[in-house]
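Mind looking over this structure? Questions follow.
A, B, C, D, E and F are the chain letters, set down in written order, and residue numbers restart from 1 in every chain.
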Amino acid sequence: MRPIHIALLCLMSILAVAPLSTAAAQEAAAEPAEEAPAPPADDTAEVIAALEAKVTELEGSLQNNINIVWTGIAAFLVLFMQPGFAMLEAGFTQAKNAVNIMMKNFMDLAIGTLAFFVLGFALMFGETSNGWFGSSLFALSGITGSDWTFTFWIFQVVFAATAATIVSGAVAGRFKFTAYLVATAAIAGVIYPIFGKWAWGSLLLDEGAGWLEGRGFIDFAGSTVVHSMGGWLALAAVLVRGPRLGKFSTDGNPQAMPGHSNPLAALGVFILFFGWFGFNAGSTTTGDGELGRVAVTTMLAAAGGALAAMITAWAMFGKPDASMTANGVIGGLVSITAPCYTVTPWGAVITGVIGGVLVVFSILFLERVLKVDDPVGAISAHGTCGAWGTLACGLFGAEAIVGAGDANTGLFYGGGAGQVGIQLIGIGAAFVWAFATGLILFFALKSTIGVRVSETEELEGLDIGEHGMEAYSGFQIFTTQ
Amino acid sequence: MRPIHIALLCLMSILAVAPLSTAAAQEAAAEPAEEAPAPPADDTAEVIAALEAKVTELEGSLQNNINIVWTGIAAFLVLFMQPGFAMLEAGFTQAKNAVNIMMKNFMDLAIGTLAFFVLGFALMFGETSNGWFGSSLFALSGITGSDWTFTFWIFQVVFAATAATIVSGAVAGRFKFTAYLVATAAIAGVIYPIFGKWAWGSLLLDEGAGWLEGRGFIDFAGSTVVHSMGGWLALAAVLVRGPRLGKFSTDGNPQAMPGHSNPLAALGVFILFFGWFGFNAGSTTTGDGELGRVAVTTMLAAAGGALAAMITAWAMFGKPDASMTANGVIGGLVSITAPCYTVTPWGAVITGVIGGVLVVFSILFLERVLKVDDPVGAISAHGTCGAWGTLACGLFGAEAIVGAGDANTGLFYGGGAGQVGIQLIGIGAAFVWAFATGLILFFALKSTIGVRVSETEELEGLDIGEHGMEAYSGFQIFTTQ
Amino acid sequence: MRPIHIALLCLMSILAVAPLSTAAAQEAAAEPAEEAPAPPADDTAEVIAALEAKVTELEGSLQNNINIVWTGIAAFLVLFMQPGFAMLEAGFTQAKNAVNIMMKNFMDLAIGTLAFFVLGFALMFGETSNGWFGSSLFALSGITGSDWTFTFWIFQVVFAATAATIVSGAVAGRFKFTAYLVATAAIAGVIYPIFGKWAWGSLLLDEGAGWLEGRGFIDFAGSTVVHSMGGWLALAAVLVRGPRLGKFSTDGNPQAMPGHSNPLAALGVFILFFGWFGFNAGSTTTGDGELGRVAVTTMLAAAGGALAAMITAWAMFGKPDASMTANGVIGGLVSITAPCYTVTPWGAVITGVIGGVLVVFSILFLERVLKVDDPVGAISAHGTCGAWGTLACGLFGAEAIVGAGDANTGLFYGGGAGQVGIQLIGIGAAFVWAFATGLILFFALKSTIGVRVSETEELEGLDIGEHGMEAYSGFQIFTTQ
Amino acid sequence: MKLVTAFIQPERLNAVKQKLFEKEVFKMSVTNALGCGQQKGYTETYRGVQTEVNLLKKVRLDIAVNDEFVEPTIDAIVDGARTGKVGDGKIFVQELAECIRISSGDRGTDAI
Amino acid sequence: MKLVTAFIQPERLNAVKQKLFEKEVFKMSVTNALGCGQQKGYTETYRGVQTEVNLLKKVRLDIAVNDEFVEPTIDAIVDGARTGKVGDGKIFVQELAECIRISSGDRGTDAI
Amino acid sequence: MKLVTAFIQPERLNAVKQKLFEKEVFKMSVTNALGCGQQKGYTETYRGVQTEVNLLKKVRLDIAVNDEFVEPTIDAIVDGARTGKVGDGKIFVQELAECIRISSGDRGTDAI
């Protein structure tokens, strides 16, 4: 526990010192007085011009307020995805680890928020001259009043938390809690924002543009930036940590380790589904009719993913497997996250259907071929489907048709192969960055504070070992599980 | 399993072929360029006129954006009712069927969405010359950009899913999964939208008006269109399928089959309560002060329904029954769904109170007199209270008082009996349409792929039989239940 | 049961009679016709003036609509906190009382809504000449059309329900259901609104201002008005009722009575977290950029509270206790509720961190020193942290820096001690009012219908005793708990 | 005195209870259990991995009776639980050395 | 060696454990059970349907002891569990033919 | 006939089942239980209150066998469950007076 205490104290002390340094800055930045109203014009023309200006300004300010209301609410919906993940992960794993999962989900939100506040947001959206990382806006310094940046920050922080929380499910049931806390700070504070800069850096400031978006990379709401990022980090974590005891028999065959509550998992999926409208439609950050179109493609892809995954599982295993169907919903949603703004409704259905098929095969491939133990299918649903969705932009992009741009970029809509190439670069960059930094991070943790709990603790459950309590006190649980 | 596979493949193949046919259409419909800005006027009058036009246009476009944000979010809230139904149904039934209930709720959403996309929306809101069904807008063809139709569609699709999912609870614990899938496609794709056309056809296009609304039928948010529809379809399903084994003793007395998780059920009710504000207040599809009034009536009716159902159950059975109270909340909400826009706050309280009393008696009547087994009270809460709420429009309609119209239509507010008559026609039409098509649908299913699971499967639970898994792995469940 | 029946009937009869008295009033108040459009102007100047007026009016009406959408949705989010409380309370207590907790949460919402409708809203926001209680707007009389008051009411009623529901958790597992119902009506109908008048009376009508706000008391979203109020009422209830059997050993040592479902409790906390954005950011009741700033401070304080509570518990007990962490989230959120509008982001972090530490010590103090049994930590999280958050306004208020006012009021930002003094007056007034009326209320209940269930009933669980049913039918629950 | 222990199919519990009441055997203790007998199990698939489930859900009855009640008790259980298929269950009978009623302190055959 | 099996009221478990510890009986196994004895049940109502619940929640204790410990064990259980009301529970004593400690392979009275 | 009852560590159940199958003991009943033996428990902290948990989760096996199978059964259980540490568990053997297969009505050693 000791090394961890140190780690935590470091984090806390950063938090404690920082205010001093920024208080002055903020004081200086106190809101300038509102610009004085135009002086009364003697001349009719001037009066009209003033009125015209007022109308234009009004248009801007009211639309800005609409955007703020929209984006703020969308942010809350994305925040609500956090219990979605928590319930999904808990439901898909064993009762003896449920407390640990809840704690990880509270903490990746809490620590992720603070790390993104102090560091991540600046790296991702601050000014940059190189396109690789930003270096202003640390701890929101200088932002005051009703600045759009606040609303933008609240929307972005929940994205960072989402990327961090994806790892939680994949390493469920065996990962040391303290190591998880440090990893979460690193992901939300550094790893996620740096890639985010590359692809989305200019969303707030023009001077913040990243190199990847400069090449025309499209990832509207984060199939790659958020989901693949989380998925590949999870892959690194799982490879470093290894599978749960009993997941693979001595001859390497995967064993079923059924989750302890299907209703809880299903609730989680429904919550994620709900929150995803904040994620995708909210990514317009503009309150106008395009959010409706994005909502439509999101809905259709989720439906396609669910149906396709169920049918795939049914055909392969003889029964419509509920846990694969759940992953299908997520797979469909992750797949449409990048292309939700640029594809037609039918494009969305197809993207979702392929995502739903893919997630099943990816789960089986990881488990049977790579012998990777991912209890909730996070690597497949977020990593694999995230990559697919990003590619789908290059295949189905129909900007001209849907009225989102001048020319279709999709290969199948006459856009040529160019966009596909750019998308592949982005997918590759994400994999290399996430997997490499993930390996470094988790190996570093392994060789310092350690990433494994003891075998006894794993068998008894992390709830007792890590938190000294049980999730379901009073219920008889049949404990060979 | 085989006939089902065929059914599913049919659905999938429709999905696969359709894009080809519509891609061209959509290409043609690519967003026209924005109308050119007015040319600079030499003359002051012209300048002023142009500015005036700009202000008017601005008013329209900003209000439109406000409406879109409002309606979009309302749609997400209604979508979130889906887990509300899932949790309520699972909580009110036995643990051995919980996976099946989750799968049904995922699938009525997924299949319902696709069916409504391909077919239902067009039938319900497309152009019509006869007022009975529409025939344009299949698969949203021709809709692009930031068209209001997208937002409207996302709002409507979740209504269709709601109508479909109501059946799920009533047939819980005994209905063949494959038959359920087919039924859901039929309901969301055909049965629901056709009635919807009659009552709500003109909501999108003036050329879409249905015969029933033409007569002045009022159902603001769907007491009849959505809830009664679902309730009477559920009644048909339950009659065709019959009760669960053990629900009625050999001498016909109903037996208690307690639900396996009251907290899950209560969570479901709270989620539904939350989502209902999207359902009712969202049905204004306009972001202005009237949504506040609708929210107020909705809240008061729910409170009245809950309290009245609890007191009724208390008086009748000697204890405040939690499951009846839960139904009372739903009953109050369903009751206010039609009249939420046109009644006074007190009218709402009374409507809700009567709904809460009614739901208890309706449950007892169905169970004790008709010997119908409806484990979650869906037929009573949605069917009976839906009819009551629709009638309540004719009794308590106080448009002039609440400022929603020129004259009160309610019998008790001096509106005469005319509106009551029209409401009764609508209620009757809904019952005849839903119950008749329901009987046809379920009998057709019964005589083809079948609607019953085997007795062994029913006893062992549908989770093992239909999905090959258990909901609560690791928990000891006392299994005579 | 008999005295209760009487109580309930009283409530119902108020509801039944009231409409008669207000119907006339409402009739009279029917929406006045829209003001006539300005007559066509001959003169250019007049045209311009008319246009200018139209623009100004447009600005007002559109912003009003934005505010309505924002506030309406915020209200729904706050309503959704209700299941958050229900799940948290149920998860933290024993399975044998879960039905009772669900029923209490349904009923404090239902009865609270009706009591606030009939009485509370008028006391809190009606016109007043004395600043102590209002006396107009009973049952929303005279409000019609798209009046802002509807939206405002829906936002306020869920606040009243929140105050009422806080008591529920503290008295879990031993309080007579009927007594709880009466208490809830009294809290939402009288006790909460009267204090609310003092601090927030002018939010709706200028003539409604209360004495406390007149002195400059700051409680932006209700740390004191809602949370401390609920917390001190809970303290009174718990003192009058006494601890659960077995909570304290014969020598007075507190015993662990572990909650039956950590995932349910965690879900509750996440739901509360989500809803809290409606609570705090929604309290702007204005759709503009300031809601973003409030959301940011809320998020940061919650993160700080969670992290600080975990570290505190870890340091004290050797393990990161999940239930204390959950209380830390709530503690952080309650703490930031008052100062969310006026503190800097760093101020929010610090406020939250202190709230998180405080909640742990407060829980231990209440349990170990005062021997008070509060199964869910409601008194500490809401009462203590509410007081802290209110005080924090006076310490960290940085209005000038954050752009929310002209001068900083916070002691640490050069605002002097004046605000601290005013805040302490408010904190003290809240404690005296809530605790005193709480003692009177609960003693009155104790000596009439009684507040205790029998020992047997308490041991067997209130679900069987009060509601005649069990929460988890079919699950084997190890019943020494 | 004997202790009769039976493992039966869960859904037969009510029928068995009724038959026992008819034979005036009113006291019993019930637990749930998992059992493995001649009856083969079924296959579950979880995320593509097949598992043979051969511990099936059963209900365990423990009934302490005086010697003359042993045969009626066995008959009642068989009556209520029998469908003729494997999996119907098994009854075990053991000697009971002593029996004490806690509330009264009674011992032996009176205390059963 | 004897096997003492007791069905007691759930809420008395801690008291019984304490009394057993006082008599130096430290080892035991505990299961939950449902029981039906003289104690009548209670009525539940679920959605208007009344059900007589006569299987009440009990805790089952199994304690294997050497012969000289039988009476102290019984006394301890009675001491801890008795309130004098029906429903207090029942104790059964059976012969134990053999006892094996798995960790060491010890058998018989030493292994208890 | 004998009734072999064993309390083992939950995670050893599969190993024990396998060893039993190797010895051709296919029938058994399994229940979960809490146990208290030499093995000391662990400390939980709930909201700052420490609790000594000394009832640990165990699995109970009941296996009725003919006399010649008693030793093989015991061996198999010991084989599968033994790690050499306290907490491995305990096996109890009791006389079985009678055994009845409900489906066929068979009695005695054939019915086991």
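Definition applied: a residue touches a chain if its C-beta (ideal position, glycine included) is under 8 Å from a C-beta of that chain, and two chains touch if they have at least 3 such contacts.
Bear in mind that the values here come from a model prediction, so they are computed numbers and not experimental data.
The minimum number of touch steps separating subunit A from subunit E is 2. Shared contact partners of subunit D and subunit F, listed by label: A, E. Two chain pairs, B-D and C-F, are compared here, and C-F has more C-beta pairs in contact (counted per touch definition above).
Taking each chain's centre as the average of its CA atoms, subunit D and subunit E sit 18 Å apart.
Centroid to centroid, with C-alpha atoms defining each point, subunit B and subunit E lie 53 Å apart. Remark: subunit A and subunit F have CA centroids separated by 47 Å (rounded to whole angstrom).
Looking at subunit D, one finds that residues 31-32, 34, 44-46, 94-95 touch two or more other chains. Shared contact sites, meaning residues of subunit B that touch two or more other chains, fall at 44, 48, 51, 55, 58, 62, 66, 69, 73, 258, 261, 267, 317-319, 321, 323, 468-470, 472, 475-479. By the document's touch criterion, interfaces exist between A-B, A-C, A-D, A-F, B-C, B-D, B-E, C-E, C-F, D-E, D-F, E-F. Within the complex formed with subunit F, the subunit A residues making contact are 459, 464, 468-470, 476-480. Across the interface of their complex, subunit F is touched by residues 3, 17, 26-31, 62, 64, 94-103, 105, 111 of subunit E. For subunit F in complex with subunit A, the residues that touch the partner chain are 10-11, 13-14, 32, 42-46, 57, 59. Of all residues in subunit F, those touching subunit C in their complex are 34, 44-51.
Looking at the complex, you find that subunit B touches subunit C at residues 44-45, 48, 51-52, 55, 58-59, 62-63, 66, 69-70, 73, 77, 94-95, 258-263, 266-267, 269-271, 273-274, 277-278, 281, 287-293, 295-296, 299-300, 302-304, 306-307, 310-311, 314-315, 317-323, 325-326, 329, 344-347, 349-350, 353, 398, 400-404, 472, 475-479, 481.
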